[in-house]
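The next part holds the structures, each set out as structure tokens.
Shared chain: chain A. Partners: chain B in the first complex, chain C in the second.
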Partner chain A sequence: MMNILTVFNIIPDLDLISEAEWASDIVDTRLNFPGVKTVPEAQDESAAELALRFRDAAAAASADSVAAASAGSHASAAAAAIDSEVRLTAVTFGNAVADKALRTLTALGYQSADRIDTDRPGPDNEESHAALLAEYCRKRGPFDLILAGTQSSVSGFSQLPLLLAEALQFPCITEVTGFSAGAEGRIRIEHQTDTGILSEDLPTPLLLTIGDVPDTCLRIPTLRQRKASGSNPPSVISASEFSEELKENGIRLQSVSAIDQSRAARQMEGDTDDIAKQIVQEYIREGTR
Partner chain B sequence: MSLAREEIVKGLVNILGEDRVITDETVLKESSIDRYRKFEQCHEVYTQPIPAAVVYVKNTEEVRNVLMFANENGVNVVPRTGHSAIEGGLETALENSVVIDGSEMNQVLEVNKESMQVTCQCGVPLQSLEDSLREQGLTTGHSPQSKPLAQMGGLVATRSIGQFSTLYGGIEDMLVGCEVVFPGGQVCRIKNVPRRSVGPDIRHIVLGNEGALCFITEVTVKIFKYQPENNRFLGYRIKDMEKGFQALRQVMVEGYRPSVARLYDLQDAEMNFDWADGENVLLFMAEGPASITKATAEGIDEIVRKIEGVTPVDASLIETWFNHLNWGAEQIAQEKKEILATDNIGITTEISGCWDCIYKIYASVVERITNEVPDLTMIGGHSSHSYINGTNMYFVYYYNVVDCRPEDEINKYHNLINRIICEETVRFGGSIAHHHGLGKARAHYVWEEYGSSFYMLETLKYAFDPNGVMNMGTLIPVKHDKEHPWNF
Partner chain C sequence: MNYTLILPNPGSAEEDSGRLSGFLQNCTDSSRNLRKISLNGDTFCRAEAALISLVSLCAEDDIILFPASIAGRELAVRLAARLGGTAAVDVTEMRFCDDGLHVVRSLCTEHIRGDFVLRRKPFCIVINKSCPAGGAPVEDISKPSALSGENASAPAGLSPGDASGEDAPETVTLPADPLNPTNQNLVPQHMSSSLTESRLVIAAGRGLGSRAGADEAAALAEQLGAAFGVSRPVVMNAWRPMEELLGVSGSMIHPKLCIVLGASGSPAFCAGISGSGTIIAVNRDPDAPIMKKSDICICGDWKDFLRAMVKYCSP
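Coming up: the complex of A and B.
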């Protein structure tokens, strides 16, 4: 059985915030966005979707091999089915606001969706979060694959996945764009490098950081799927169950102000060609000064 | 007698000149539909007859000349301004139609602060009119979600309504006078008076005609004092949806007029509010002079808190949500990306009903859609426009489009859902369209909607459009399969 863990983060939907609202509210050293809807990190959603596709592919391969082995022995058919079983688990930090995303994942077929209960969602202290996650992985694992978005769009510095890999002593592949079953029980990883996409077969366990991967929006569960998963609700784990303590990072946010990105502009009316010539002449004059 | 496509174009060029007669293929395809066929639109699949031309008119005389040309030659025309319609009203249902676009008639003609009226041409965008009025301490009070896109002519033609309607009313309460052009070339002006008793109110021939009777060239609407500093917000979670309707009703019956009064069921609440916690949501906004907003907010709060299962929420949550309600080009572009990425699409259908039947409509629609529609990912809705005698229900639904070509989505899902909503609404005595218009989509239910009064609608159509050239298919279908009314 292949055990896959997806680590994901819930963030405020900042597209909904106007610039005037950004600097309004700092609560307990964090920016506060009361009333703003939260959404999963885009890269974490991609990770969750890629895990589902891996599961679907494994199930399809299993169905094919069972069909192919139907003429053969019962033992070989059963072995093929077991080897292709994929178990999906998701974990996040946060309060009950994150449960909506967790319920979506269980409706889509994640067997476990865990929330480490804290009122400080998001990896503002990535070392502390990584240590706690590592302990979670040791308790709930072993995991063959751990997936995480490369970077939080709000507060992250791309450290959490790397620190987690270090704590677990897992090889870490960054900027992964896809993965599938490889030869001899390995995982075929495709990841972005400076020179292009590199594809290689690697043994598990592995930690993969998922970057911006096109066409990996998380699928939407139907109402029937949601109803069926109702008997498998998210489980809430108190942070106090862990020996690692979720610590603050000692950095205190004092204020936020927008960077003025406005540029001087001037409206010019008249014939387009004449305007273009005028601009070029002005540019040349400026350059020769 | 109908002309060939090339003759139509030639005739229009003779009237308007070449630069205002558009025959570019992409423009024609995009002009053959509106947002009713959203899934097809995202996939750039166009199944409706492609129009012969899109023409941009600049004044009433040009509108008149184009309409007369169309009328004399049997050419179907589709009047258009903001292109934000969502019920198929802008589809070019007949071959070689002509879209008459009034968006270049975009002048604000007069802001009359003495009489509190503004007069503007049909192509004035509501957002820019509202922005300029607010700078002067005034407002139209009209704020449909399409405000960033919609223009004044279309807003009157579709009998639109805005988010603050519970205080300011719908467009029918705001329209003072107008100028319209009929296909026979008659240019008619309805003068600006506060009220009159001189026969039937002929403004109601124009309001909601959806381009099926005339082309609106100019409108005068009321304006109001803009006092946002006095706005008060109220929000509540409420366990029971039926009690939520009762709360809305009581607020209206007791005489309060908040500008916003909304009830979200738990599905729609979960989509919109992180703090809904699995419950329905009630929210209100009071607007106007400080003493009135204070009294309105306090009175509503007293009523709602007495209802069982209500939990107040921080008013600042409502204000934040409210400031980000409207849909512009950016949101539409983002939506298109999401639809293409997920094959999941969200649509709305709004109806109305009196207080004694609205909950029954809501409950039966949700139950039927849940049971009968495949691949459904969400069904819910909210009430957003309340009256002394009833309210609307804005059904919101999402579904995955599975194993289906873009052109087949409309019948497999969208029309099926609309049919269920219309059937249940009519069954309980409600109206199948509250403010989006019949368009061509719900026109297939026009007989059930009107009953015996269909005679009045039909007579209006024959009287004002005897040659059948004004946006045919809107309000009254041109083709109707009685056995399968929702396959089109």
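Coming up: the complex of A and C.
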């Protein structure tokens, strides 16, 4: 049995906030965006989808093994099926707004989806949230693979998975772009490094931070899958269940202000051909004389 | 105060050293003990191996600086955790204050500037990749004939290493990989220097419409002698390779002229091109945010404009 945990965060859809609203200094240090529609973090979504693909591949391999062994002993076929079994769990932080996304994951085949009832991870609470998540993993695990996105749209680079790896003393591979079953019970990981794309087989347990992976939007469950999974809400866990006191964070967000990226914005009007000619003349040709 | 600059990638150690030194010059006074540590690994800088050495080497440091690389970010956060310190990533400014260390970094995909205070030493700081070597401001070129001049082929800003002027780094050879990997295969990826060094860049966005449109734009850019970069939606749709990504997750460019085609102008994308001397935006939507973030804006179709440019650039 391979036990996989996906850390899956729901965030406000920042694309729905207009430039004018950003410029109006409407955001405060809590980085709350009340009323704005929420979406999954893009890289967390990739992580959830990659876990599903890993499960599908394992199931396909298992079916192949059973078929191949059908002429052989029944015991070897059963053993192959058990070895390739994958159990998927998702966990998130936040309020009930996240429940809809967790229901989607259970409809898609995640065996369990948990919500830790506390504020969502932000740029100055990642240490305390990593400590909570580590406690969650100790109680609900053990997990062979833990997946989380590398970046957060709200916080930028996410420290949380790296801090979690340290708390659990898990080896950590960053900027992962794919993973599959490797040789000798290992996991084959493909990840971006500063020198290139590295593929390697590594033993579990591992924590993988997922990078930008094209074409990994989370699949949409069918109506049949939704009905089969029922409408049960995900299990909600109080943060106090894990720890009496939250770990103190060593970083504090003191103030925020809007970033102004505006420039002169001189408009050129007229025929596109004429404008292109003028641009070439003024900005390219002049320089090569 | 004890400062250490960590150089995790031998291949870019000189450039990283220049950037980190330049950042430090801008942020601190001269009363500092500074050293540099260059990490020398096998295939790449495995954090599990590097941390074994760094925990003992950096135990007495106050500030440990890292470059904005994949290894730099991972090492900073995990080293801070092991030393009981605090990490901050993608920092653009830093100074000491009464409560600890004040740092600035962006939030919400470059919409917001956040001012933070770090309270526990050592402070493990990853500088923002937009920080130029030597801390010098990017050359201000917002006038016509931006591509002219004797130095037209050089990128704006100082060349890497100009500000390094410090002692040579100590080289630390990393211990054997504790993860004991098997079947390793590295496909080297030399990040295209054309994007970061070219004086003319065509930067395109979702408005390209399709993979075919993206390929046509890239081909036309090549005919213009321009480097070609794209926004995040273009690579996430797999229209163009990841190496061409511009923005906070990709390349931060400093060309003298950047022509933006069919990109809405998200802050994360614009942060990647903000070092450009002149930005010309072409977009069908006159209200697209990119229009206000450019020096010259043209409302129109990118294909018509780019084809016409190629026509007039041809000998």
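Just so we're on the same page, the second predicted complex is superposed on the first by the 232 of 289 C-alpha atoms of A that agree within 3 Å, B and C clash if a C-alpha of one lies under 4 Å from a C-alpha of the other, contacts with A are read in each partner's own complex, and residues count from 1 in each chain.
We take it that a residue touches a chain if its C-beta (ideal position, glycine included) is under 8 Å from a C-beta of that chain, and two chains touch if they have at least 3 such contacts.
Computed from a predicted structure; not experimentally measured.
Enquirer: Check the residue A:Ile284 against both partner chains and state whether it touches chain B (first), chain C (second), both, or neither.
Expert: second
Enquirer: Tell me the contact category for A:Thr174 with respect to chain B and chain C: first, second, both or neither.
Expert: A:Thr174 contacts chain C only, not chain B.
Enquirer: In the superposed arrangement, does A:Thr38 touch chain B (first), chain C (second), both or neither?
Expert: A:Thr38 sits against chain B, while chain C stays out of touch.
Enquirer: Output check: A:Ala276 vs chain B and chain C. Expected answer is one of first, second, both, neither. What do you get?
Expert: second
Enquirer: With both structures placed on chain A, which of the two partners, chain B or chain C, ends up touching more residues of chain A?
Expert: C
Enquirer: In the superposed arrangement, does A:Lys100 touch chain B (first), chain C (second), both or neither?
Expert: first
Enquirer: By the touch definition at the top of the document, which applies to A:Pro221: first (chain B), second (chain C), both, or neither?
Expert: Touch partner of A:Pro221: chain B, not chain C.
Enquirer: Which parts of chain A are in contact with chain B and also with chain C?
Expert: 215
Enquirer: Could you list, by residue number, the parts of chain C that touch chain A in their complex?
Expert: Within the complex, chain C contacts chain A at residues 8-9, 11-12, 43-45, 47-48, 69-71, 73-74, 77-78, 81-82, 85-90, 102, 105-120, 126, 142, 144-149, 152, 178-189, 200, 232, 235-238, 242, 245, 248-249, 257, 259, 266-267, 270-271, 274, 278-280, 289, 291-301, 304-306, 308-309, 311-313.
Enquirer: Taking the touch rule as given, give the residues of chain A at its contact with chain B in the complex, in rising order.
Expert: Those in contact with chain B are residues 16, 18, 21, 33-38, 96-97, 100, 215, 217-224.
Enquirer: What residues on chain A touch chain C, complex-wise?
Expert: 14-15, 17, 19, 22, 27, 31, 42, 123-124, 151, 153-157, 159, 162-163, 165-167, 171-172, 174-175, 182-184, 186, 188, 192-203, 212, 214-215, 250-259, 261-269, 272-273, 275-277, 279-289
Enquirer: Which positions of chain B touch chain A when the two form their complex?
Expert: Going through chain B, the ones touching chain A are 270, 272-275, 277, 314, 316-321, 323-324, 338, 341-342, 344, 370, 375-379, 398, 400.
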